[in-house]
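So, here's a batch of structures to check.
In the two assemblies presented below, chain A is common to both, partnered first by chain B and then by chain C.
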Partner chain A sequence: MNELAFFINNVVIAGSVTGSIYAIGAIGVTLIFSIMRFAHFAHADMMTFGAFMVLLLTTAFPAVGASIGVPTALIMLPLAMLLTALLAVGIDKAFYKPLRAHGVKPIVMVIGSLGVTLMLQGLIRLFSGTGGQSLYVDDRKEIFRLALPFEGARAPIVITEPQIYLFVITLVAVVALHLFLNRSRLGKAMRAMSDNPELAQASGINTNTIVAVTWVIAGGLAAIAGTLLSLDVTFKPDLSFFLLLPIFAAAIVGGVGHPYGAIAGGFVVGFAETLAVFNWNVLLRPFQDSFPEWLTLPSNLAFVGTEYKIVVPFFILVAILVWRPTGLFKGKVI
Partner chain B sequence: MSHPTNTRNPAYTPKDATQTRRFPLRELVLFGALLIAVLAVYALMGAAYSTRMLVEAACYAILALGLTIQWGYAGQFNAGVMGFVALGGFCAMLFSVPVNDAFWGTELPGELGQVLLYGIAATLLVVGATKLDRLGVPKKLRTVIAVVLAVVLYLVVISLLRDVTSQIQSQAGFVGGFGLPPWVGWIVGGALAGGVGYFIGHVCLGLRSDYLAIATLGIAEIIKAFLKNSDWLTRGTATVSPLPWPTPGPAELGFTLSRAIYLSVTAVVIAVIFFLLHRAYHAPWGRMIRAIRDNEVSSAAMGKDINKRRLEIFVLGCILMGLGGGMLGTFNSLFDPQGYLPLNHTFLVLVMVILGGPGNNLGTIFGAVAVYIIWIMSEPLALFLMQLAVAFGEGTFGWDAPSNMDSRALQARVLVIGMLITLVLRFAPKGLLPEKIKSHG
Partner chain C sequence: MSSTPASPQPLLDARDVHGGYGSMNILNGVNMTLYADEVGVIVGPNGAGKSTMLKAVFGLLNVNQGEILLNGQPIHNLPPNQLVERGMGFVPQEKNVFPSLSVKENLEMGAYLKPQNVKRMLEQVYEFFPPLVEKRHQPAGELSGGQRQMVAMGRALMAEPSLLLLDEPTAGLSPLYMNEIFDRVKKINAAGVGILMVEQNAKQALAIADKGFVLAAGQNRFTDTGAALLADPDVAKSFLGG
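For the complex of A and B:
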């Protein structure tokens, strides 16, 4: 049964963690895509920026969390979300709005967002250095070990404190977004604009407000995703190019412009990554005796090595573009 | 033919179609300024350093020409120039490095070839399985068979390959090269880059233009990851050097002269590419490409095969990038997969193209040389400014500066490149030397 615990730790839990992070990132990308019709390449750096804000605030006031009993970084998260949302609106005003006003093609907006990516990256690295840093400045990372309820199960299921927060916050964020999009006036206006911008404008929806709201949501979600990722591992300023591909793959798998699809896509990509790097030999080894003589399993039965993890989202992306370019849930924009 | 003057509308006389030749003032001023900048670098930094800078700038000019036909001629955005450059560099390394007898003398090449044959056989089997429905197998069953077969065969081949490669690594170090002249590697590098470009373009070019950017960004990181981790093929992080030059090396002629000869080789290559591109641009083919860029719907209505033309031009651009990458790799005389950075090999090239003038070959070459000079000179400048800031901070506020200020100063250049991209897009979207649009009346 140790193998089962190993499988749960390395696939179920790890897959849910990466899946949640990709899902939150992909929601932001897909919302921007559906309102402004371009692939926002600076999203991963907005995630890094949010995490960096949390790091700065946590370093500045390291003792706040201990008084309540939660990590300081989590208390600083709402503040960081606000700052990242402000940054997103500011970037839009300074860089994207003039381009939109010129009526450029979407691909020029993409290049513009790549310029913004580099600027954010430069700024973050200028202030944080290039090394990794833990967001747990004064707190201690709790690790829970749950024993499996079977005979002879010695290896426990391991789950850490930030992972539990990650699942809770992801759930809250998704439910809040669902309520916002379906119940509130602004959310309905957003969906109207994503369906047909001209018609939305003609029916009296203020498109500038919608654009600003989209950036606020995208910025806030990016800050959540970046912070939770950095809590789980460490804060690194140069993650962005490795995050971009899985996040875009998730958004496209789910169908571009489709927030619920993005969630599904995030988990598809996350689980595909962990399943691909998982060494299947671990699960098959207990049955070694029942295999025929000629079949000896090699010790490494992973599909790809961990160093080639980035191949997985790319493969998914290519596969979906070849067989179903609209995505699993029929995205609106193609 | 009796009344030709009546049948022709005077508003459409073809004389308007012939371009009025204007004095190329802008070109002259810009290239004059560039010449002065180059001379200034020569005076400041010495001949050997400056010639090296010029050779690198020339290699970047080839990359920029590749990007300008993708972005300028056809409006396709390639965000993964780095990957194609790395492929070119890899081929230049593989073909020019001396033969490794520790590998070829053993039975290892045979085993490697056997695994490759298994791989080809497995691919054929899977492709065959996808055609099973023609034999009357239900489509769903066919898909299941094909997927299961693909997974099992993939696992078999990959574990065989892992065995062989780890043996190569432990017994021979790495595969070694073919000991051929470097230009063979450049050509193969171009072809390989073109092949990868064909694959990506085939998947993405019929869809939204954003998807191409995403996919190229991904393939670049994958190529880099592959080259970095395949120690049996590239020695990975251990790097391969020296790579032989096609021209006499610095050991025989000294740095300045040997680099000058290499520079003339690159200059000849650029001249040939420039001439061919110039002809292609003004040929009916070039006109068709621009028509597709400017108005897809109307050119499709004219019966042009849009996706095919797009694929053509994308592959052509990738070939140039592979070629330029090979020349750059050979010149550096070092193959280091970790040295390929998105900033240095993708975004720098992008800035060269959009600043110089997308779609204008002369502007692109100007942009490549000018931006490269600024880029190289900005390194000492950034370090100097950072030291100044640290000294000021320590003196005035008693600020205790972190120790890694030098690496942070270099990060400031990332910021500058990003700002340049956004500013150029905003204020000079056509670049310093805009593409000349012929007006027909």
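For the complex of A and C:
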């Protein structure tokens, strides 16, 4: 039964953690694409920016959380979301809006966003330094060990406090986004603009407002993803940059322009990654006796080594682009 | 078929309009006067500037010379969303619905600027287009061409326009649907909405027109009541196929 606990810890929980982060990131990417029709490469560094804001605020007021019993970083998250949303709107005004006004091709916007990403990353590095820093400045990271209700089960299921917050906040964010897009007037206008921008304008929808709202949502979600990731591990200025590829893979797997597809895509890529690096030897070992004698299991039986994890989303991305470029949910072709 | 104005001031008054995409003119001096209770129909050969004129009225392209007045106020070169606020509705010929939004959501988008009116206007639009009632939760992209045209017109009506611009509302529809659409156009007009539409099916359209504008090469060739144009042998010979 220890093997089961091992599987749950290393695949179910680890996959859900990565999947949630990819999903929240991919929703932002897909929303920006559906409104502005370009792949926003600076999205990952907006995530880092959000996490950095939390780090700054938490360092400035480390004791706030202790009084209520939640990590200070979580209390600072809404403020960081607001700041990141402002940053996103500001970046749009300063860089993307002039490009749009010139009516440039999408690829120019993409390269522009690449410039923004380098700038943002440099700026964050300038102030944060290059090392890792924990977002748990004054609090302790709780670790929960749940024993499996089986006889002989000694290895517990291990889940940390930030992981629980991660699942809860992901769920809340997804439900809130669903309600916003389907119930609110502004959310419907956003879907309308994604469907047909000219007709949206002919209906009296102010497309500039929708663009700004999109940045606010994308920025807020980016701050959530970056912060939750940094809470789970540690904050580093290049932390989310390496998530750029899997996040885009998730958005494309789900079908670009589909927020629900992005969620599904996030979990597909997240679980594919964890399953690919999982050591299957652990699960097969109990059945060693029933194998023929000539077959001895290698001690490490993973599809790829952990250090090659990044090839998994890359492989998924290439495969999807070759065989099903519209993604699972029939999105747009990037 | 009245040509007597309901009010002394025309609803739409376009004077000597020159315009097109950028500085290239497609319209070379078009004049159009339409009163609030009238159906105006623009007909003419391909490339005459019919749709261009409609788009110029709705601010979708540049008016380089001349003026367009809505209820006496100059509106040329105002952006479309401001024209919607001033009571103009526009139904493009193609891509005139939001395909992934439900029929009801499509209609709601039409009343985007007047959210307090949504409920009342929904009822009214469903009255004009009863087939939409049972399709209201279906994505508009799944509807047939005729039903989609109804959604498109309904969406424009939701803003309670005083002037509705229709760009070839019967293009690609079967004769059965064509008559139904013309029938609805008359009803909408009777409810107090001025209508200006471009049509390929010139004879049928002129039959319901209070005013007909025959354009050729970006200029007015004939302007009269629909009935008079239909009866005019010159118009019939050159523009209505004999």
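Of note:
Convention: the second predicted complex is superposed on the first by the 329 of 334 C-alpha atoms of A that agree within 3 Å, B and C clash if a C-alpha of one lies under 4 Å from a C-alpha of the other, contacts with A are read in each partner's own complex, and residues count from 1 in each chain.
As a working rule, a residue touches a chain if its C-beta (ideal position, glycine included) is under 8 Å from a C-beta of that chain, and two chains touch if they have at least 3 such contacts.
Model, not experiment: these values are computed from the prediction.
Chain A has more of its residues touched by B than by the other of chain B and chain C. Shared-chain residue A:188: touches chain C; no touch with chain B. Of the two partner chains placed around the shared chain by superposition, neither chain B nor chain C is touched by A:7.
Shared-chain residue A:167: touches no atom of chain B or chain C.
Applying the stated contact rule after C-alpha superposition, one finds that A:180 touches neither chain B nor chain C. With both structures placed on the common chain, the touch criterion links A:325 to chain B but leaves chain C unconnected. Contact with chain C, but none with chain B, is seen for A:200 once the two complexes are overlaid on the shared chain.
By the touch criterion defined above, A:123 reaches chain B but does not reach chain C. Once the two complexes are overlaid on the shared chain, A:260 sits clear of chain B and of chain C alike. Residues of chain C touching chain A in their complex: 58, 79-81, 84-85, 90, 92, 95-101, 105-106, 108-110, 112-113, 115, 155, 159.
Contact residues on chain B toward chain A in their complex (touch as defined above): 75, 77, 79, 154-155, 158-159, 162-163, 203-204, 207-211, 213-215, 217-219, 221-222, 225-226, 228-229, 342-343, 347, 350, 354, 402, 404, 407-408, 411-422, 425-426, 429. Those residues of chain A lying in contact with chain C across their complex are 185, 188-189, 191-192, 194-196, 198-206.
On the side of chain A, the complex with chain B involves touching residues 38-39, 41, 95, 98-99, 102, 104-108, 110-112, 114-123, 125-126, 129-130, 241-242, 244-245, 248, 252, 298, 300-301, 303, 305, 307-308, 310-311, 313-314, 317-318, 321-322, 325, 333-334.
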